[in-house]
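Have a look at this one.
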Amino acid sequence: MKHGIQVKHATDEGAVPVRLYGLRRGTTTVLTLICAGFAVFILAPLVWLLINATKTQQGVYSGPGFWFSRPFRLFQNLADLGKDISGAGVYLHWMQNTLVYALAGAVGATALSALAGYGFSRFRFRGANSLFYLVMATLLVPITALALPLFLVYSKVGLVNSVWGMILPSMVSPVGIYLMRTFIDASVPQDMISAARIDGAGELRVFFRIALPLTMPGLVTVLLLSVVAIWNNYFLPLIIFSRNDLYPLTVGLSSLSQAAETGTQAQLVPVLITGGLVTVVPLIVLFLFLERYFRGGALRGSLTG
Amino acid sequence: MRTSHGGGGLARRAITGRGGRRLAGLTAAALVAVSAAACGSSGSGAQPAPAAAGASSGAAAGAGCAAGATPLTFWGWSAGYDLVVKEFNKTHPDICVKLQNAGATTAEYVKLNDVLKAGNGAPDVAQLEYFEVPSFEITHSLLDLAQYGVSSSKPDIAPAAWSQVSQGSALYAMPVDLGPLALYYNSKQFSAAGLTVPTTWDQFSAAADKLHGADPKAAITNFDPESTQDVLALMQQYGAFPFTYSGGQSLGIDFTGAAQTAFANYWQGLIDKHEVTTAADFSPAQWSNLDSGADAARLSPAWGPVGMQLSIKNTIGDWRAAPMPQAQAGQNLAGNWGGSTLAVVKGSKHAKQAAEFAQWFGGSADAWKILSGPVAGAFPGYVPLLNDPAFQSTTLPISADSKSNAVFADAAQHLAQTQWPPIMTAALTQWTSTFAGVTKGTETLPQAFQTFQKQMTDYAKAQGFTVTNG
Amino acid sequence: MAVTQPSAVPEPAVPKGGMPAQRPTRRRRARGRQWPGAVFVAPHLAILTLFMIVPTGYAVYDSLFTSKLVGGTRFSGLENYRTVLSSSEFWGGVWRVLLFAVVQVPLTLAIAFFFAAIFDAGVVRFGKFFRTVFFIPFAVPGVVAAVMWSFLLLPGFGPYSRTLSSLGFGHVDFFSAKLILPTIVLIVIWEWTGYNMTILYASLKSIPRDVTEAAVIDGAPLRTIILKMKLPMVRPTIVMLVFINMVGALQLFTEPSILSSFQPQAVSYGFTPTLYVYNTAVGSSEYNLGAAAAVVLALIIGLISLGAFAVRRRNGEFR
């Protein structure tokens, strides 16, 4: 069981050499197979989505689920997404909207979460705990119940059919505050802050020059989570927008699929499937791009010395 | 236990290290993307195929308006409406209609209610299906179009359509399209089974017996208990429409009267004998049933065949239309499933022009040329087109060279009475759950009717109506 | 608070007894320098108030009224609450989501922890690749996930259904009353395992290497190291994840609502409490009743969450 113990200073992956665990040789293989099985489970629906976005409605229902069938209609289906049906809007316009909302909202959410997380983490002001619980408590309210009052509030402040009406509420992120608070708790030592204060730095300065750089992985995490949440948000834009040129992808595609049910071109299914595909692909690409940084940074920031 | 030594080193490393630079780069990229998106144009050459005519930017039909034209906002969702709006703007340069898709059917009605409650943001004209008109009438949200002379279109509109949007001499919406029902049957399968086309419901169930007796896998048609409008259309045709309402506070709900119970027993009988299938309407199961002979006929609305021929393969060309079977021999009543109207919303600053637009939309040959065309494919409530021999002779691949339109057009002019109640949104939402048991086979249609009777009565009473049963 | 145990996002394992040297400093500073915290929190709070708190207050206020189509709006006090609390449809939904949560949350977390632990221990080949793949469903919105799965499981037509019947299982109706809840559990596990796994993995990675090495040198087998040593050390993370997953489970809405458009008889009016709220407030235009139901639901979830918070407070989370 105890082989020659070599405590290497390992890399981030596989910190302790496998040999040391005294596992039977087959265990690694079994575990790898289990992971492969789960990976198939995870990827199968996405592969299905890709393959069936190339089919007609007929093909989806009667063809083989996981292989192609004639005719091959991927580009036709993509073009249908771009078609203007009863003013339902052009897909690229919705994609543009989604990008604007997601990026602006996520940057805002990250900024506000960082500020508020820092405030909760490093200061014990009166009412801090109650406020924190209040922020967390807003997670409990289902937005479907808030639809009408939210709309009425918007109406009063003139935010109906306004881009800011989408971006501003997206900056509210209880989970983001929670993450930033815990990250700041962990990564920003109080005595650094105290030292800086003794040196005469103002609070904002301390925040920007000391706290923020130390919490970079946390910021990226909140940014990523916010982008995904706003990208996939369906209810808020549904409630506040009645102009299809303001819709993000979620609402736009849903309105397109409803329009696809009417009229002579009632090919709802390809629109649904292809629309789903184009909503998902950019985010997956974003993940793969950011993931390298996100994971590495998280670890690098945490290991001292 | 480590000390916080590393703190200083951490900070130093983080500020100068790759972490800081990467985040800066990310933020920069984000800012660039945001500004690019904000300034960029939509519908660029990156699209694989040119968008359909009329797609300039996201808001259709905004382009091409003359300066100084009266602006109108029109909420509508049906396919082809953008083309009609474009035509209107072309031929009426003094008015500029902007089509907005604020959602389809119920989604739009919810939004319309919200904007009315908020007091701003309402469109000038809104597409409303027939069943929803009373719900907006009762809150006094629709303008009486009679004062703008729209009543002059009355002779051009199918009578049943007109009566659904009128209250006495007041007119609350302009009818556009209809969905009259007919018996759409597979002629090959019928002749193979030796069936004659039934003209009464008794003959229909006899035909069902004969068909099923010869082939236990065949049913005469599909009956989806959870498809609210489908069932209501059949009830209407049977003379068993469950609602009576002519404005005001008094509302009649009757799912348990003689006619309704007879209707429920009739269909439950066919369900019990497996002579009808109970697949969901428009589901792949339904199409597959129709295409394989599991269903020999469909009680189809006029807009049905066009969608149907996209979803079936083997039986293209075999289908024929005939009038619906009647409750009593010699009658000629039809049911109606679907169809929309255009209403002018209260608070519109340009009511006169809005009324003009609505009237043109539903009651002019120009509009109907496009509405009945290949994109929109709507079935008219517009009598001149209904009676037009060319229209009646149009053929579709699914029905070879038979003239289904003639049958549907005749049905459109013989629709049975309907009086939609102002509680249809709730009725549509609650119907599905209540009738789920019938599809699953855990309860009978008459039982579901009883439950629904109570549900709707309670709901209407809670909303302040005086409810009469029957 | 010093970093006594270096930790990554999102959850440090804070040992009891921090750094005694810190407290006197902080207490000296306690007076006078704490108000800037409020300034930092203010921007977020302002937006939160306008977009969440005011509408919520409005909704709660509205729940005390009843509006009728005939007769306008009147104050009705707790009448709506009485209706909701005596609605068997609503409570049916409550029990259903509780059952759902009790099954789905531990299952998802167990699977997530299993994978996080074996990746952390490095006993799997291609660990990085698998971790990336498992996280991808997070990029898929719930609507799209539910649509994909609905097509895959569509009785008689979906590839999975057809495969099952050709393997001899007969006609499996994933949308039947018996199977609908397990089907939704399956979909939600697909959606959320990767997210939970990623967070647990980061948390496990923050356990100091020498602690693990010491255990290994002592001769502990892998299973013991994972279950008896590492698992307790990431307990705060797990408690937080339980909270987040549980709130999501109790608010279940998207998946059943999409499934119902494929098979209407599968999902009833009050299948989940949030569906009840939606169908009442929006579907039946009974906005006030829906608001009351939403308040009741929020209270139920809040009460259940208080348990989780209490546990964490005991762990020294929120000083």
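By letter and in written order, the chains are A, B and C; residue numbering begins at 1 in each of them.
Here, contacts are C-beta pairs under 8 Å (C-beta built on N, C-alpha and C of every residue); 3 or more make two chains touch, one makes a residue touch a chain.
Bear in mind that the values here come from a model prediction, so they are computed numbers and not experimental data.
The greater number of contacting C-beta pairs, out of the two interfaces B-C and A-B, is seen for A-B.
On a Cα centroid basis, the chain most remote from subunit A in this structure is B. Centre to centre, using the average C-alpha position, subunit A and subunit C are separated by 15 Å.
Inter-chain centre distance (subunit A to subunit B, centres taken as mean C-alpha positions): 36 Å. Subunit C has residues 2-3, 6, 157, 282 in contact with two or more other chains.
Those residues of subunit B in touch with two or more other chains are numbered 2, 4, 6-7, 284, 288. Each of residues 61-62, 147-148, 152, 187, 189, 191, 217, 301, 304 in subunit A touches at least two other chains. Note for the complex: subunit A touches subunit C at residues 1-2, 5, 7, 10, 12-16, 18, 20-23, 27-28, 31-32, 35-36, 38-39, 41-46, 48-49, 52, 60-62, 64-66, 112-113, 115-116, 118-120, 122-129, 131-135, 137-142, 144-150, 152-153, 157, 168-169, 171-172, 175, 177-179, 182-183, 185-187, 189-191, 194, 197, 203, 207, 217-218, 221, 228, 231-232, 234, 250, 254, 272-273, 276, 279-280, 283-284, 286-288, 291, 298-299, 301-304.
Every residue of subunit B that touches subunit C in the complex is listed here, in rising order: 1-4, 6-7, 106, 110, 113, 138-139, 226, 249, 280, 283-285, 288, 422-423, 425-426, 428-430, 432-433, 436-437, 439-440, 459, 462-465. Considering their complex, residues 2-6, 19, 66, 68-71, 154, 156-157, 177, 260, 262-265, 268-270, 279, 282-286 of subunit C touch subunit B.
If you check the complex, the residues on subunit A that touch subunit B are 57-58, 61-62, 75-76, 78-79, 82-90, 92-94, 96, 99-100, 103-104, 106-107, 147-148, 151-152, 155-156, 160-161, 187, 189, 191-192, 209-210, 213-214, 216-217, 219-220, 223, 238-239, 242-245, 255, 258-267, 293, 297, 300-301, 304-305. Per the touch definition, subunit C reaches subunit A in the complex via residues 1-3, 6-12, 14, 22, 25-26, 29-30, 33-41, 43-45, 47-48, 50-56, 58-59, 62, 111, 115, 118, 120-128, 130, 132-145, 147-149, 151-152, 157-160, 162-163, 190, 194, 202, 205-206, 209, 212-213, 216-217, 219, 221-222, 225, 240, 244, 247, 251, 253, 274, 277-278, 281-282, 287, 290-291, 293-295, 297-298, 301-302, 305, 309, 318-319.
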